[in-house]
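See below for the structure under consideration.
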Amino acid sequence: MIITLKKGAPKQEIEKLHRHFEDKGLKVSLIYGDNFDVFGLVGDTSRLYDRDILANEWVANVQRVSAPYKLANRMFHPEDTIVDVGGVKIGGTSPIVIMAGPCAVESKEQILRIGQEVKDAGASLLRGGAYKPRTSPYSFQGMGYEGLLALKEAGNAVGLPIVSELMSADKIDEFAENADLVQIGARNMQNFDLLKAVGHMKKPVLLKRGMSATIEDWIMSAEYIMANGNPNVIFCERGIRTFEKYTRNTMDLAVIPILKERTHLPVVIDPSHATGSWSLIEPMALAAVAAGADGLMIEVHDKPEEALSDGAQSLKPEKFHTLIEDCRKVAAAVGREIA
Amino acid sequence: MIITLKKGAPKQEIEKLHRHFEDKGLKVSLIYGDNFDVFGLVGDTSRLYDRDILANEWVANVQRVSAPYKLANRMFHPEDTIVDVGGVKIGGTSPIVIMAGPCAVESKEQILRIGQEVKDAGASLLRGGAYKPRTSPYSFQGMGYEGLLALKEAGNAVGLPIVSELMSADKIDEFAENADLVQIGARNMQNFDLLKAVGHMKKPVLLKRGMSATIEDWIMSAEYIMANGNPNVIFCERGIRTFEKYTRNTMDLAVIPILKERTHLPVVIDPSHATGSWSLIEPMALAAVAAGADGLMIEVHDKPEEALSDGAQSLKPEKFHTLIEDCRKVAAAVGREIA
Amino acid sequence: MIITLKKGAPKQEIEKLHRHFEDKGLKVSLIYGDNFDVFGLVGDTSRLYDRDILANEWVANVQRVSAPYKLANRMFHPEDTIVDVGGVKIGGTSPIVIMAGPCAVESKEQILRIGQEVKDAGASLLRGGAYKPRTSPYSFQGMGYEGLLALKEAGNAVGLPIVSELMSADKIDEFAENADLVQIGARNMQNFDLLKAVGHMKKPVLLKRGMSATIEDWIMSAEYIMANGNPNVIFCERGIRTFEKYTRNTMDLAVIPILKERTHLPVVIDPSHATGSWSLIEPMALAAVAAGADGLMIEVHDKPEEALSDGAQSLKPEKFHTLIEDCRKVAAAVGREIA
Amino acid sequence: MIITLKKGAPKQEIEKLHRHFEDKGLKVSLIYGDNFDVFGLVGDTSRLYDRDILANEWVANVQRVSAPYKLANRMFHPEDTIVDVGGVKIGGTSPIVIMAGPCAVESKEQILRIGQEVKDAGASLLRGGAYKPRTSPYSFQGMGYEGLLALKEAGNAVGLPIVSELMSADKIDEFAENADLVQIGARNMQNFDLLKAVGHMKKPVLLKRGMSATIEDWIMSAEYIMANGNPNVIFCERGIRTFEKYTRNTMDLAVIPILKERTHLPVVIDPSHATGSWSLIEPMALAAVAAGADGLMIEVHDKPEEALSDGAQSLKPEKFHTLIEDCRKVAAAVGREIA
């Protein structure tokens, strides 16, 4: 960690800081500059928080050299983590996994029908929202526990593990019992109590990126889950919020190589939420595969215009079928295959 | 609501949509254009969600005319809502309220000492974090329930109502019992289960703006709380995330006149989080008062360089004292006073 | 165009507006709502500017139905525009074109040497900056005219057309004489005088996206060039500015399908500027090809650590060679080929 | 400057870098860490560019300690710069200057009429656009030279110096001859050729912030002008682009204390462009005064609904009159006055 001091800092202040850092077991180097003096700290700085040091009025700037995350850091864990979701492997050199299904579970029949469609097309996981985070209190809020059971039943019937979003720690038992992969949504990426709670679960976690989360924030949220005992975290990019108005969000594919360089965890891309528009899903899905994604999450609905949630960004089954076929070709071109 | 149809939409599709909207009790007008046709819907459209209609492949665009919120909407509730927080009135033409205290409660002594300081300087509410949302799992997470009790005791001792952040619905009873104002943090602004839970409380709620929340998103989160039974919501701006690197966030003061025009709820500004730097707090606080804020939330710490959280954005008591004096002058200049 | 009026607008104001629009040759429909009244305007609204109408104090909102661009609009020009750059075709179903070379021309030898390298690897155009837009006045500003001549000479020697950035209208003649493709940089995307000037040129134009330009702004800048007489515009995405700190910019690949749906012009992607980091170029280039790009612009330097500009985002020739080979495979997988 | 090296960098690479920096006259310190090694460079690093050093594949990170600007830097020029605009002083402890007038000069009569209105209300400078940067090629582009002359004539008639936007270096002579203050618009903030050109002028320059410019970018653009010989630069904030849709831009008032701490140049705020809405101008203008602005730029039009440009963000003269009276009170409250 590099700490820049304003010129003219009183000698006793500098000495106090020096002792403060040594007391924390760090080795301290001091460089005298023309306009600033600089401390270099060597040792385990992961427990130091940049902004706390900034509180000293003689400190001009604090710059971290080592990353603030350890468990997620590839530097200390060079091999890829491969996450097992109900028998399906995700990450490393495993085949690319397609997770698909409707935005929301709307009925037993609907999820069974669409579950069969996505299974037939080649998906490896069935997705469906039982508890729905909706911007308006007047919108459909999901079927709740009944929806989760319907999803599980459909998954069993068609032979696919399931993934669904957990919105509140008081539903942990429902998900521990019924889900294969527990999704934390973008709006809860920094709901730290929920992160701690899923850290205590045995089920793997799909961690969506917050709408304005930096990649570092996002890795720190994974670190929360891991530090609480659960090593099986999968990142899922769903677009970030920008000034652009023609898309719902801006999909950031650079996260794939960056997360793979800095962490050892799998990365999945959700082009449905990232674009908000069914006509953009296929090109963005192909791009994600080309860039090295370990999986895709795709919304599929057989009657999108009647969907209770997010029909605008759902593919019809026949288009989803084509999408998987096209993904297979691109995957082969980059030396991978679709699960 | 205005719905633009792509030219060439089949007649039966147009008729189906027409019936669909009429079945919802809406009056439908149809305008034929050169390149597009347009439906105008009149009636209660608050239960229609723009993106659901977009799912129809012949729909090019959906534009809301009426706002999607009703309970928070000034159009249907023209008088200012004045919120009573432990006897302190906030909103309307009430005096401007200063909420102040440390970022985190660190000990009984610390909160009592700082509580007395801010009371003496002229604050009307005592703030202090008991449960702290920290980006890193390795940072100080707050004293928890013990901290909340220490805050309450300090508030009682110095004679100030208290405000503290609630991070999880399972702590509702602690806050119902002990807090005067329940803060929902930026990271939980769209934690809808938590919003519903505080909607069932009797205590007023301070709703911070999410880091990348539009004003409309923010009002919809207030609507969640109100729709669940709690009409006493106060907005608190704490800056939004932008590309700028010299400040922690970008403080958006235009929210004051906008929220006051569109809603009837009070608006408080937090220049500590919005800037992240103690040297910027005073000018931004004065600006907020000049722009019409109903209150300010200011972090104060007597030893910021030893603070366990966010010392960099905390004012020392003597600077806080000056700030209040300066705020009094600006308040008088705009025809208001400090409580 | 849809114009929402505040309820309670005086009858004579409504009639005045009605006449105002009819006088412009538009057909006007009026829908009376519960809380708002709405005008629908049919006809050529491209000369109406939304914000001008908003100036009327009774107007609550203005929403465009038709796009504000005409010459660039695919609705009125359904066939793909194919741009000829010194004999190389770009757009439509033409093979994907790779433009490569150093960020800046540094010497005759340097550009000839790198020009040969990129030609051998399979590039179709040679790029090189003669006039460089640098954030600091103390950085290398480019070799100027001498650099442009060296680039042309190198292009001739190795048999590649050239592309270079024009920063100022007073250099138009230099570029008309020597360049095959005239680049307008991100920082000049809304330098309207420069857009008008290249609109009068016969040479095709590569229009980079501004750092915070919406896609609509960008299309409007193309419209400027086209409205001044030059139909040969190629879009080039180079990333937008967001809060993310691990990359220089955020590359927005959704522009490819969106621009191709809304306009008839070719789209090129620049992963060097979009990421700012050589290690991210290859995965992002493959993603761009998979998403349907008509071309790539890649910075290549044989000694990046000695480059006078942007070495951090330059590929070494051997890595560039691999990149082209890998792009060929992905292109084949999506039914295209590399030129 | 602090340079972080990846662990395992070959000894000869480290030595090469060491020599490279020493050859530039810098003193080099080396700190060996557990996971990284760090170089500290002492001396004049303003000619080093961070990204050039990053090109070395063993460099993980580059962090500047000293600012990259010198002429604008308060550290080397502690006294406030006071700019004289046709006899009106701006900056330091000078009274706050109000610049007002229509967005665009529309006719001799219009600018004379509005010029008299703003003079009577208390403005110190008359603004008016002769050359207009418009997003659409089909919008009114300004009256050009004739408009500039009309503005000058009106300024003379009512006794106010004038400010107008220069969009292209080929109009420098017109502005040198006729304008008192030369405005560089947001879209040209990084049109470096134009910055160099106004750097050679004798007239002071009003430099608007680019739509997504960081404060550092903006200061660097001022540095361009100063490095070319013109020390009289005034910053003008006009809002930045964010995801918010209820305002045209987000006004960033923190720039006032930040620019005053880091530079010695005056800071003016333009609440008309920053908000895009006349009803938001007054509260934002008062906030700017409270935060320490040296001036305000306000759009005023007597018939905004007939304005040829930006009527939506123009105040009517009577509202402008009230605004100045209200600004006087807030100015007095913060120890200043309106010119």
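The letters A, B, C and D name the chains in turn, as written, and every chain counts its residues from 1.
Convention: a residue touches a chain if its C-beta (ideal position, glycine included) is under 8 Å from a C-beta of that chain, and two chains touch if they have at least 3 such contacts.
All figures in this text were calculated on a predicted structure; none of them were measured in a lab.
Participant: Measuring between mean CA coordinates, which chain is farthest from subunit B?
Facilitator: Computed centres place C farthest from subunit B.
Participant: Call it same or different for subunit C and subunit D: same when shared residue numbers make up over half of all numbers used at their interface.
Facilitator: Both copies, subunit C as well as subunit D, present the same residues to each other, with over half of the numbers appearing on both sides.
Participant: Take the average of all CA coordinates in subunit A, do the same for subunit D, and state the distance between these two points in whole angstrom.
Facilitator: 39
Participant: Take the average of all CA coordinates in subunit A, do the same for subunit B, and state the distance between these two points in whole angstrom.
Facilitator: Each chain's C-alpha centroid was found; their separation is 26 Å.
Participant: On subunit D, where are the residues touching two or more other chains?
Facilitator: Correct list: 212, 241-243.
Participant: Okay, in this complex, where on subunit B does subunit C touch?
Facilitator: Those in contact with subunit C are residues 2, 4, 29, 31-36, 38, 40, 42-43, 61, 63, 65-66, 75, 241-243.
Participant: Of all residues in subunit B, which touch subunit A in the complex?
Facilitator: Touching subunit A: residues 46-47, 49, 51-52, 54-57, 68, 131, 133-139, 141, 167-170, 187-188, 190-194, 210-212, 217, 220, 223-224, 227-228, 241, 276-278, 304-305, 307-314 of subunit B.
Participant: Show me the residue ranges of subunit C that touch subunit A in the complex, using the header's touch definition.
Facilitator: 212, 214-216, 240, 242-247, 250-254, 256-258, 261, 274-275, 279-280, 283-284, 286-292, 326, 329-330, 332-334
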